[in-house]
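Below: the structure, in structure tokens.
Chain naming follows the written order as A, B, C, D and E, and within any one chain the residues start at number 1.
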Amino acid sequence: MAEAFLFVLMGIGALAGAVTVVIARNPIYSAIGLLGTLLSVAVLYVAQLAHLVAAVQIIVYAGAVLTLFLFVIMLIGVDKDENRDETLPYQRWIVVALAVVIVGFAAGVTLFGNFDWVPAATTTLPESTNGTIEAVAEPLFTDWVLAFEATALLLTIAAAGAIALAHYRRREV
Amino acid sequence: MVDPGWYMALAGALFLIGALGLLIRRNALVMFMCIELMLNAVNLTLISAGRALNDINGQVAVFFILVVAAAEVVVGLAIIVAIFRLRASASVDELSELKG
Amino acid sequence: MVEFLWIIIALPLAGAVFLHFFGRYLREPLSGWLASAAVGGSFAFAVAAAMPFLQGGEHAETLLLWEWMPAIGANLEILWDPLSALMVLIVTGVGFLIHVFAIGYMHGDERFHRFFTNLNLFAASMLTLVLAGNYAMLFLGWELVGLCSYLLIGFWYVRAAPPPAAKKAFVVNRIGDFGLMVGLMIVFSAFGTLSYSGIFERAGAELTTGVATAVGLLFLLGAAGKSAQIPLYVWLPDAMEGPTPVSALIHAATMVTAGVYLIARSAAIYELSTVAQITVATVGALTALWAASIALAQRDIKKVLAYSTVSQLGYMFLAVGTTAYVAGIFHLMTHAFFKALLFLGAGSVIHAMSDEQDMHKMGGLLKKMPVTGWTMAIATLAIAGIPPLAGFWSKDEILGSAFARGGWFSALWVIGLVTALLTAFYMTRQWVMVFLGEPRWDEDKHPHESPAVMTFPLVVLAVLSVVGGLINTPFRLTLEHFLEPAFEMVSMQRPPEGWAMFALLAGLSVLAGLAGAAAAFLTYRQPEQGWRGFETGFEPLWGTWEGAYHVDDIYGRVIVAPGRKAAEAAAFAVDLPVIDGAVNGVARVVRGVGDWARPLQTGFVRNYGALLLAGTVTVVIWLVVGS
Amino acid sequence: MITPEISWLAILPEIVLALGAAGVLLVEVQWKPESNVLGTIAAGSVLFAAAFSVLQWAQAADSVEFGATGDLVVFSGLVLMDGLAIFGRFALLAVTAVGLLAGWKYIDSLGRRSAEAIALVLLASAGFSIMVAANNLVMMFLGLEVGSIALYVLAGMSRERARSDEAAIKYFLLGSFASAIFIYGVALLYAGTGEFEVLGIRQFLGSFVVFSPAVILIGLGLVVVGLGFKVSAAPFHSWAPDVYQGAPAGVVGYMAAVAKIAGFVAITRILLTGVQALDADWLPVVAGIAALSMLIGSTLALVQGDVRRMLAYSGVAHAGFILTGVVGGTTEGVLFYLAVYSLQLVGAFAVAAAVSGPDNSESSLESYRGLGRKSPFLAGSFTVLLLGMAGLPVTSGFIAKFGVFAEAWTNGFRWLVIVAVLASVIAFAFYLRIIVAMYMDESEVPAVDVPPTSRWVLIVAVGTTILWGILPGSLLSLAADALPL
Amino acid sequence: MLTWLVLLPVAGAIVVLLTPRARQELHLPLGIALSILPLGLALYVFGVFEPQAQMQMTELHTWYEPWGITWNLGIDGISMPMVVLTTILVPVALGASTKITTRTKEFVVYTLLLEAGMIGVFVSLDLFLFFVFFEAILIPMYFIIGIWGSERRIYAAMKFFIYTAFGSALMLAGIIALAVLHNEQVGSPSFALADLSGLDLSIGAERWLFAAFALAFAIKVPVFPLHTWLPDAHTEAPTAGSILLAGVMLKLGTYGLLRFNLLLFPEASVDAIWIMGILAVIGIVYGAAVAIVQPDLKKLVAYSSVSHLGFIVLGTFALTSGGLQGAVIQNVNHGLTTGALFLLVGMIYERRHTKQISEFGGLQKVMPVFAGFFLFMIFASIGLPGLNGFVGEFLVLIGSFTTLPTLAIIAASGVILAAIYLLWAYERVFTGVPDKEENETLTDLSVREVSLLAPLATLVLLLGLYPNILLDKIAPSTEAILDRIEASTDYVVPPPGRLGDVFVAGEEDE
């Protein structure tokens, strides 16, 4: 029961945040909206017993990523608001049409296509998947160890790339 | 308990909003946030699926997606900054020299 | 003997080849004599080879030279029978004389040797035609003589008139050849071969009347083209643009008679179809009358002879149509004599008048050039059918046969009779206009008798025109017996039996001849304005005749012009815009699609995103709904 | 204490590449040497990686021979060491080598930043080589991201800034979008099957009677789109022309080639092993994408005035042709096509780079006029490569096209083959346009100097194009052996 | 043997390629010399060729086992004449190219490669190999037209390439389909002609495949209404290009129809008799009609090709001994005569730099030898008996009358039209007095030019009078085709369509 209450509340929060990201005219507000979504989602993780992931979500996202965003926003400047009228012809209509189609399709499939998110055969009691540190770390460092190592490549790339992109600007600008 | 399907439906909604936002907003930064939204939706899906499947791997996978997101952010923001340095604007609509 | 028959063809051919490559190194008369020698040689050989037939009893022989197109049973093989022998003799004999004549006539032409090259080539081709042992080889000769006629008519290619005339001759002939070709297709599909021996023996057994008629008519079309019959005679008058010896040899004595030869040769096929016979005879008779009427009013000395040739060929067609094959061949022979003579005479006159051909500008030439004059007089009488000259016998046999055949043919006999009268008239008119009366030529002309090299052939031919007819008189049917083996398998029409009948018919025709001759003589004896008045008296008829019924213009307007229009339409209204247009159109459409789609790549990243998402949605929906 | 299961051979090539990248960066930082030194290091790492993948090939062959294919599933199923993976990896390494050579002039011109460029190239190759080997879809995603991010940066690393930036941001935004779609698809597949691993999915689909695979199909669709974007198949191609035109010519060939190789190997692995059970569902869709790609690619290439854009659209068409091979249902044709096409692509862009000149601007068709007389070698080899891409006989392109067509026909997709041959006819037209400009135009152009490295690249590309066009057996048999588990 | 025949020109091309670019003057003579070698070899092949039905001098090497593609060469009565013709025409074409001064080297190389490809097409018995050659020769010809052609050369080259490639593209699909069928029926893919002709096809499939192949070849021939690339290509191409295009490349189409359509799809071929026949006849009449009013000498000859090749197609689908033999030998004849005509037009073009008929007049006066050759070839092309053109046309007409009487009759009217357009053109170009002063100063043919024309003229005459040197060797193969058709379908060639039906005089006496 408590979970249902959480789900509704945080679900609304996440959606609200998401919508804010999309419609806010000022990037700052978008960032705030994103933050809201991140936090709500984090709570939903907790509600699903994914404690470690939730923690990481808060630390990495809300902490690092979003800060980075805000930093860049500040760098670029927030003074001018973006006006909402669409400059590209048809773009907005296309978007609306797509939205309608997608929602309609999703509704159709989920309601009438006897659609299951997960195969009933495999579902069991939820209690066992308790996302404690040990529970997550054990596969992370055994089965997934190569993937874990691969993230090193990813970060190297990120670093090298960022440097490469910023590097020459210094000399030229 | 709440059926995981609801969580995933919520995730789907988030993903959709992110996708549409990407098409609506012309500010590169905001578009980029939309991508982050989508990745979050993916994470939520994975968690819920993992729970429903009674499988911890769903949660493990989320870590990697988080890392990817972070890496993307770094590079993406670098590109945006670079462009901003050049033309003092973050609007992607002004970048349409290459076409046809 | 027979296995060496190829020499007959080979000699002139060798002459042609030799002259073609080395002629230009020979001094003028030499090449001419060489050519003449070649033809003369074949003549001599042919005489020797033909001896057996004269003894009689000897029957046809074939000699295979080499395989040509086995798939359609067409080989190069020589058939040596009385008919071909006779044709060979005519061709080589008359040909030889004309060659000799030409030595004088072509004197001073800078392409002297070239002329004899072609002349020899023609002789070879004509001999191929008459010696052929199957239709394919006949067609070979048939076309080659056409080629030579093309080359020789257009011999003076620098002048304006000859080249078109040459082209006209070849094209009109081709129309005939088309008929002949189709005929041969039918023949092959009926018999599975084209060789005479294979066809004639089985014709009676294996050929239905319908097919026979079709073949007969198609052959007639071919023959009409080559022998200048209605409706394809129009090329022959123009062919007079060629040098006169050519007119004599090709367009009077030999080539134009190929049609007659073809029909006579195909007697076995005509045998089976009365319709074909009647058509041939009718075409012949009508042509005879038609051409004769035109000949009446011509001013050009050679045009008169040209139309006269057409008319005489009509007689021959009448004969072979009546199945009086011997009569036809007989007339062919005599006509070769006197018409060659007439042409050579005319040539001699033109030569003397330095290329003047308008008879109005002649007259009184008899004193200046007696030999030419008197020999031509003989020829005129001969063609007019005055006994006992050659023309009388042959023409009379034709008319007699037509009369004897009766029915529709009696009508044709009447036409023939009328034509005889006209013939006598226009020939006499010509002779009188040219040789009698007071001179009408311009001051700068100094007519004189031609050299011996030219007069000699005239004399020889004159003699032949006199005695030539005697080889087949009702009293001694030498020629008929001679030719019999060639026509043994067909029933042949003969003149009516009995002296009375013969006397009556002969009398009639002679009467007609005399009447015509007398009328002309009296008319044109009187001074110029007199006969001019006579001619104007016949207006507008005379004008129509002089204009040859304006057939050329009519053909031009009815056939040539529309054909030209059609071709232009096909080229510039269909090919370029429609067909090629369609091709380029496709290309243009593809490019168009590309150009149309290009702007969709707007360069705005958000459009791309929209496209990406749209694509995603499509794929997903397709996957889910498609399952 | 549980210890992770490690199989070094399986990842040695990636390790070597990564070390090479790191080495380049550190050496640069430490000694600031001539760029040739860095090049040598890079070359060395690529060569070693290639050597190790040869070892892998032998190993894999043995295991297949002795039926011990289980040995090829390493790192508890994260990656595989099967023929498909090794072939793809080898192709990647080859392309990396020639790509570095082809782009060397450009890299050299970057001065101090050349180190980063080299490192990025090596890392991108490492990432994609993980991707081709990945059995676990998340692993595949990681590899994909490593490679893609490197490519985003490379696209933005030009000195001709405006266009380069535009290319970079477009590539980056759309790429991230596609990645998000891809990983969401993975998530849905996971939800639907409880499996991240391709082999696991195959097993699941084989063993369970799936009543309503809707979620699986949706996930599959999203995954296909995500990969289709990487290989620039229509209608997910719109980034390609702009990026190819904007990105520095030196590396575009490399970028395009590696993305295509990795993407297609992944597509092949997922479709032909993972969800083969569902091919009744996905075959028509993929066929549709293929047809669309071929038609859009050729028609739009026909009307381009810029050679690099033209090559981009031709790339779209080629994606369609390769997908035709996927529809054909076997890997042989796809792999052969990938190998020959990627080499031709790098060669072609080497020419484009040479013509575009140092400032990397001019690539319009005009700048190729009269090239045939000014630089015969360049024009000649470009001609051969174009004919090869056009798929004319005695070039490897013909064999490749023939292979995929034959497979598709065998699999019953005749309409697709018809479309394909017609599209290739349209394609002739625009390849010939370039040849016309080079040979049949009398206008005068300055001679183009070909950097020696590019010369080598061209010799290799042209050589292979003709060699495999006349004796395809050597490569075809390899491709035939390179089977997925 | 045949491999050498294919590889010799390639080797020659490489040799030329290795000679220094600077030595411009060397390349052409060298090329001519090198192109003599294949000629010699081809003549040897001609000499040792046995008049038998089955393939001779066959060679078979596997190319790539799993695909069943092979290097499979062989020659029979249908291909042998074409090979000889090719090797004859290439030296002539090169010899006619002295006016090509820019990039002579490339020109020679392309021509030799073209030769190799053309020979390859004729001798390959493996459909894959055949297609490789068939498609590959487009490239050198494309360059020859596009680089050394006249004003609108690029348009023409493009059109030529794309149009023909379009046709062969569908044929490629057809070839694949055949191989796949073989794989289904026999269990292994194969492209060998022999294997594929053994397939049992459903009539529907057979019709489709026939259509695919026929389209490719019909474009190449070209059959009305697919002919419009031909005039453009011919008018723009350099002399050598025109010679080889008309002399050999068009024959690839007719050869393909003979070799592949009839052999692989007998049922469909029998059904297609009428369609193909009608198209052929339309082509004959239509091409001739269009040729009449062409203002450009080369266009005129080009359209005459359309007309003449109609005869070949007609003969092919008449399915009689005469028709097939006529078709095959007409391939050669048309190659010689039309090749020579293009050669002649090229010679006058080199002198006057125009092909417009209206620009000429009275040339016979200034260049009699040229006029002589021209007239000779014109009459050969008109189909004058005694020259080669007649043999082919007459065989075709007579042969096709047994199966397609009406069409044969209409086709026969082509001989009239041919006379009209060619003689009219001759009249306008050569007769009369030279009116334009640039015409008066023209020089007659040089020794080189005569030595190019003389061999062709000799062959024209030889084949006209003694075609048996070829017919003997052709006949067994054509008969074999008919045998196969009669065996594999219920169609029977109506007498006297077959050689056996021909009545030989005196035969029943024995």
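The rule is simple: contacts are C-beta pairs under 8 Å (C-beta built on N, C-alpha and C of every residue); 3 or more make two chains touch, one makes a residue touch a chain.
Here the structure is a predicted model, which is why all the values come from computation and not from measurement.
Listing every chain that touches chain D and chain E alike gives C. Of all chains, A has its CA centroid at the greatest distance from the CA centroid of chain E. The most central chain, judged by the distance from its Cα centroid to the centroid of all protein Cα atoms shown, is E. When every chain is reduced to the mean of its CA atoms, the largest separation from chain B belongs to C.
Between the chains A-B lie more C-beta contact pairs than between any other two chains.
One inter-chain figure worth recording: chain C and chain D are separated by 79 Å, centre to centre, where each centre is the mean of the chain's CA atoms.
The distance from the centre of chain A to the centre of chain E, with each centre set as the mean of the Cα atoms, comes to 70 Å.
With centres defined as mean CA coordinates, chain B is found 5 Å away from chain A. Remark: chain A and chain C have CA centroids separated by 102 Å (rounded to whole angstrom). The set of chain B residues that touch two or more partner chains comprises 8, 18-19, 22-24, 26, 32, 48-50, 52-53, 55, 57-58, 64, 68, 71-72, 75, 79-80, 82, 92-93, 95-100. Annotation for chain D: residues 138, 142, 145, 149, 152-153, 156, 168-170, 173, 177, 181, 191, 194, 214, 218, 241-242, 429 touch two or more other chains.
Among the residues of chain A, those in touch with two or more other chains are 88, 91, 94-95, 98, 102, 109, 113, 116-118, 122, 143-144, 147, 151, 154, 157-158, 161, 165. Interfaces, counted as pairs of touching chains, are A-B, A-C, A-D, B-C, B-D, C-D, C-E, D-E. Residues 159, 162-163, 225, 227-229, 286, 289-290, 292-294, 321-322, 325-326, 362, 364-365, 379, 384-386, 390-391, 394-395, 397-399, 401-402, 405, 408-409, 412-413, 415-416, 419-420, 423-424, 427, 430-433, 465-468, 471, 475, 495-496, 499, 501-506 of chain E are the ones touching chain C in the complex. Chain B contributes residues 19, 22-24, 26, 92-93, 95-100 to its touches with chain C in the complex.
Against chain D, the residues of chain A that register as touching in their complex are 109, 113-119, 121-122, 138, 141-147, 150-154, 156-158, 160-161, 163-165, 167-168. Within the complex, the chain C residues that touch chain A are 602, 604, 606-607, 610, 613-614, 617, 620-621, 624. In the complex of the two chains, the chain A residues touching chain C come out as 88, 91, 94-95, 98, 101-102, 105, 109, 113.
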